[in-house]
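Paired with subunit B in one complex and with subunit C in the other, subunit A is shared by the two complexes that follow.
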Partner chain A sequence: MNEFTWTNFAKIASSTLSQMLGTATPVALAALGGLMTEHAGIMNIGMDGMILMGAFVAAAVSYYLASAALGILAAMVFGIVIGLFFALFTVKLRSDEFIIGCALNTFAMGITAYLSRSLFGSDGIRGAAYLHNIHIPLIKDIPFLDNVISGHSLFVYLTWVLVILMWLFVYRTPTGFWIRASGESPETLRTAGKDPEKMKWVASILCGVFCGLAGAHLSLGKLNGTFVEGMSDSRGYIAFACVIFGAAHPGKVYLAALMFGFFSALGLQLQGIISSDLTEAIPYVITIIMMVYVVVSGQRRREHLAKQQLKKLELK
Partner chain B sequence: MTDEIRFEHISMEFPGVLANDDISLSIRNGEVFALVGENGAGKSTLMNILYGINTPTAGNLYVRGEKVTDFSPKAAIDRGIGMVHQHFMLVPSFTVAQNIVLGREPKNAGVLFDNKKAEKLTRELVKEYGLEVDPSAEVRDISVGLQQRVEILKTLYRGADILILDEPTAVLTPQETDELFEVIRRIVREKEMTVIIITHKLYEVMAISDRVGVMRQGKLVGVENTCDVDEKKLASMMVGRPVLFDHLEKTGTPGDVAIEVDDLYVADNRGLPAVRGVSLSVRKGEVLGIAAIEGNGQSELLEAITGMRKINRGHVTVCGTDATGKTPGEIRALGLSHVPEDRLSTGVDKVASVSDNLLVGKQKEKRFNLFGFHQRRSTVDRYAEELYEKFDIRGAGIHTEVGSMSGGNMQKVVVAREFSFDTPVLVISQPTRGVDIGAMEFFHTRIIEQRNAGAAILLSSADLDEVFRLSDRIITLYEGKITGEFKADEITKEEIGLYMTGTGEGAKA
Partner chain C sequence: MKKIIALLLVLVLTLGCFAACKKGDSDKTVVTIVVAGQFGDRSFYDQSKLGGERLAKDFADQVEVKYIECNNEGWTMQMKNAADKSNIVICVGYEFEEIEKVAPDYPDVNFIWIDNATYEPIKNLLNITYAQNEGSFLAGYIAAAMSKTGTVGAVGGADDITINDFIVGYKQGAEYYDPSIKVEINYANSWDDPAKGKDCANVLHDRGADVIFQVASKAGDGVFEAAQEGGFYAIGVDSDQKYINDDVIICSMQKEVGKSIYDAVKKLLSGDKSQLGTTWVADMSNGYIGIGYGEAGAKQQIPDDIKAKVDELAAKIASGEIKVNTTR
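Up next, the complex of A and B:
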């Protein structure tokens, strides 16, 4: 270990925070999609598969057409298709959401591995056109911030914009209201003359697009034009946890993703000290703790409410 | 007056059920039309056709002389038809204003939802129709009566001039019912609206409607001017035979105390205090009725007494033995039977047969088994047949799956089982919810029979008439506390209503 100095600490801190942003982004992108299906009352555990297939499509298209932009576009279009597919089974045919989600994940593992091996050999896709990191002009000159905020893939910044847009969409547009109503009280929406199933389709498609983006970020943004088997690495499940933890609110969901990112980054920093097998488990352990917290705090809140109610009644 | 709505030979067939059978009916502009009938008579189905939820399998529907070809709620709303459903169609996490404008949101800049405008529009409606409600309150936080107002305002916002109300008073107190009727009269008088009200409470028909249509088994059996009929006539039209309601003879004098509840505190499912310091006692040979609006602790009270819910403080004594903290089985062994509130979840095993359901609780009796493991099916079936006859259960025999039976017959299975224990204490909750008049008459007779035979009966019912009819004494519960105790023949329904809303003493003083 190096001797402790403030310069060293700043270096470690900034690289941790930088890694946090990088790691949080694919999770956040998928979670932004997942919160749509969550609002529409669909339990979507199929995000991991959607991300994985998105990553593959983006890398493959970018490889053949030598254009990262087209790769991203292809991943989004593919997201629409997979969203339609997911809605077809869960909404139209009313199959079990859990089973379809599982099936999607397993299918994604298989099909991407098969296509990747048969088209690109056992190493997967390498050398596809990718997104270069962006160095933001003004921030570039600020020492600490430069290391944290600047120098990321476009997706990191895009996510910030998308969080705001998503919040506007969910809480400030009629369609957002309809999607939420379709999950919370579909019959109400139906009697209001809107089709709740249509809203679920919309939510499912949006989720597909966001997961496609998350996948594109993984292969073209984070890993510089590479696809490896199983590269979604359970991020879809983490995204689902973030959706629940953030109560499907875009801002809170993003914070939850940042938290996951932070602990992942922390794990990386600790790798020199503790065995990497253990450090890699940190974010997942944190996820479990987060979920327990959600349950416990929910109970606390209800108890607190009960006590307040009691006080109010006693006063009467 | 002109015909606003005309049903011509309308039939509606669901797989295996003819819900509406060749119905022809005209409803006039500016009238209050009551549609009555027992459960499953097809009232709601007919109204769902008018509101576009169901597409009729035969016949034609005309609204203001125009033939309806597209059946959808959206098209119905466009035709000016509004419906307040029995189960409210509201999104709990949205505000009052957001619920009212749902589907037709005001927008600013053409994209974003304009919450301020939504609240302003709501306030205007509130002012215009005199239906006071806070536009920015979340719907899950307001009372059922207010939620109903939101429902009505919603239809008005959509420009309805034909209003369908499906069982609107089922969840209201007598005072709230009066207020609702006041609103109905006002909108009919001032806004020239047409109101159709679905109900099975006949005194409400008499109170509010101009004309009344009676349905039975999918058929429209008669349309009358309300002033030409009385409740008795309507009841017999509904059931298809004369209904004798008034000869419940109560005999005998109350004996020893059989249930005693002392300073009981119980929490509801959310952990909120539901029962707060209730003390009561029931003697043998009397019926103690609990009058309360839903959600004022009556369910939790009865669940605590029967051992189905944890008691936080206080004591319950059944037949002289402390039953506090005992399991339902142990309490039953002390001599208590229980007709639970929700027969589907706690009253019957839906997928089991009638005979198995009747056996529950008696499996261990010697006559039904051999050495404790072999069940004597033939004895069980004989016993079930006996009860089946005695309690007039109607269905496809004792081997029918209970879940496939009608609500009334399912309830008969529950009552047959519970009453056959012949225990000194009966706790009965909602004995006739969702049950038709014929079966109601039957249950009432049975309950009074048990009373006269010396049972101590604790009764809770959302139907105030029922509480009055059966009880010797009545207590009112409000927010988990007893607000009054009365002899049933010394108080009126209106007075009880005040105590049920916690304003009783205030009104008295």
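Up next, the complex of A and C:
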């Protein structure tokens, strides 16, 4: 390890934070989709497969048409198809969400491996058109921030916008309200004259689109137009965990993804000191601790509320 | 009536299965290559496939080559499946530890285990291990010679004995060139996540490493990309990976898995079974380990005098004059 100096520390800190953003983004994008289905009352563990297929479609289309933008567009369109497919089984045919999610993940592994091999040989895709990293004009000149914020792919910045849009959509538009109602109290929604199933379809499709974006980011944003089999590497499950402990609130979900990104980046930095097997576990241990915290604090809050209600009654 | 038809259909299907299960053409030797992971890593597993393809081509009238990919699970089961239907089973990957129990159950089948060795010799099993530490020594030497910052790096796929065998050799080679050199190591803990490999390489680059050796299968693709973006050099592994990106990949540590499989099977086919029951170390002295500089016409970054020095060192390693550290 290097000797400790402030310049060194600043360098390591900025590279950790920059990696945090990079690692968090695919997870955050998928989680933004996952929170829609969560609000609609569908337990979606199929996100990993959706990401993998998105990554493949984006890379393949971008390879053939030599355009990253078309690749991303194709991943989004394909996301719609997968969303429809997922909703067909979970909403229309009322199958078990868990089983369908698992099936989707396994299916994605198989179909992407098959297509990638039959179209591109066993090498996978490499050298598709990709998104170049962006250096933001003003921030580029500020020493520390330049390393952290500047020089990422477009998706990192796009995610910030999407988090805000998502928050507006979920909490400030009628459709968002209906989607939440379709999960919390479908009967009430039906009484109000809206079809909860339709809302679930919408949520599922949105989830597919966001997971497609997450996949496109992985293959065309983070990597330079590369697809290899199994490259989603369980990010979908992490996204699901982020949805749960961000309580399906877009801002909190994004923070959760950032936290995951931070600890994986920190793990890479710590490898010089601690065994890599342990550093690899850090993000997951933190996830469990946070999960417990969220559950316990939620319970406390409810208890507190209940006690206050009781007190009010007693006073009367 | 419907039930009878259904039953008949089931019967036909089951029989069809059995029909398909017969042991291939009886006069041909069936060679099955079972890989622990997946093809498509452009190095270790793909090398073994190349060996199989060469066999199928050169001995077309004698052998039939089949491939099984385990996708990192069910190694024992796949090994047994292969043994049921073939004469020679080649298990590619250090993960097939259960071969110690499986091989004695199939006395008529010849096994070859690539990249690891059983504790006790088994009479129908040939172990082939590779002196990757010797090749990595040269890779380390080259890395140190090409580095301007005095720091070189290596990204491993996992912190295990085989990968660390590369790493210790690499370290020793780098220190052989310059005892004061710093060698930074990171493990991706994944074999198929290039994004993770890229992060690992970037972390090493931030610590000053300007030549990075990848030993991480498909995750190593990310190392090459990081090198391209960050403007530093990378070293490939197992097969000659220069073709992937000859701007940044200055050379590759070659482990001739395909050639060793080809040669071992060729020997078995000729009726020479003396190798069974032994462990064969494919190393620098018998030419299965070395440094590859890409095909003719590829861009070269390493100056000729370093290449000459590397050849000299290779001769010293082959003769035993330089002893390379190992984790085995």
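Here is the rule we use: the second predicted complex is superposed on the first by the 301 of 316 C-alpha atoms of A that agree within 3 Å, B and C clash if a C-alpha of one lies under 4 Å from a C-alpha of the other, contacts with A are read in each partner's own complex, and residues count from 1 in each chain.
Basically, a contact is a pair of C-beta atoms (placed from the backbone, for glycine too) under 8 Å apart; a residue touches a chain by one contact, two chains touch by 3 or more.
Just so you know, these numbers come straight off a predicted model, no measurement behind them.
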First (subunit B), second (subunit C), both or neither touched by A:Tyr64:
neither
Touching A:Tyr157 in the superposition: subunit B (first), subunit C (second), both, neither?
neither
Scan A:Gly272 for contacts with subunit B and subunit C and give back first, second, both or neither.
second
Touching A:Glu229 in the superposition: subunit B (first), subunit C (second), both, neither?
second
Looking at A:Thr191 after the superposition, I want to know if it touches subunit B, subunit C, both of them or none. Which is it: first, second, both, neither?
first
For the overlaid complexes, name the partner, subunit B or subunit C, with more touching residues on subunit A.
C
Inside the complex, what are the residues of subunit A that reach subunit C?
2, 11-12, 15, 19, 22-23, 26, 113, 116-117, 122-124, 126, 133, 218, 222-224, 226, 228-231, 233, 264-265, 268-269, 271-272, 275-277, 280
What residues of subunit C sit close enough to touch subunit A in their complex?
38-40, 42, 46, 49, 158-159, 184-187, 189-190, 192-196, 198-200, 202-203, 206-207, 218, 221-222, 225, 228-229, 244
So in the complex, the part of subunit B that touches subunit A is made up of which residues?
51, 53, 72-74, 77, 83, 85, 87, 89-94, 98-99, 102-105, 107, 111-113, 267, 270-273, 276, 479-480
In their shared complex, subunit B is touched by residues of subunit A numbered 168, 172-174, 176-178, 180-181, 184-185, 187-194, 302-303, 305-306, 309-310, 313
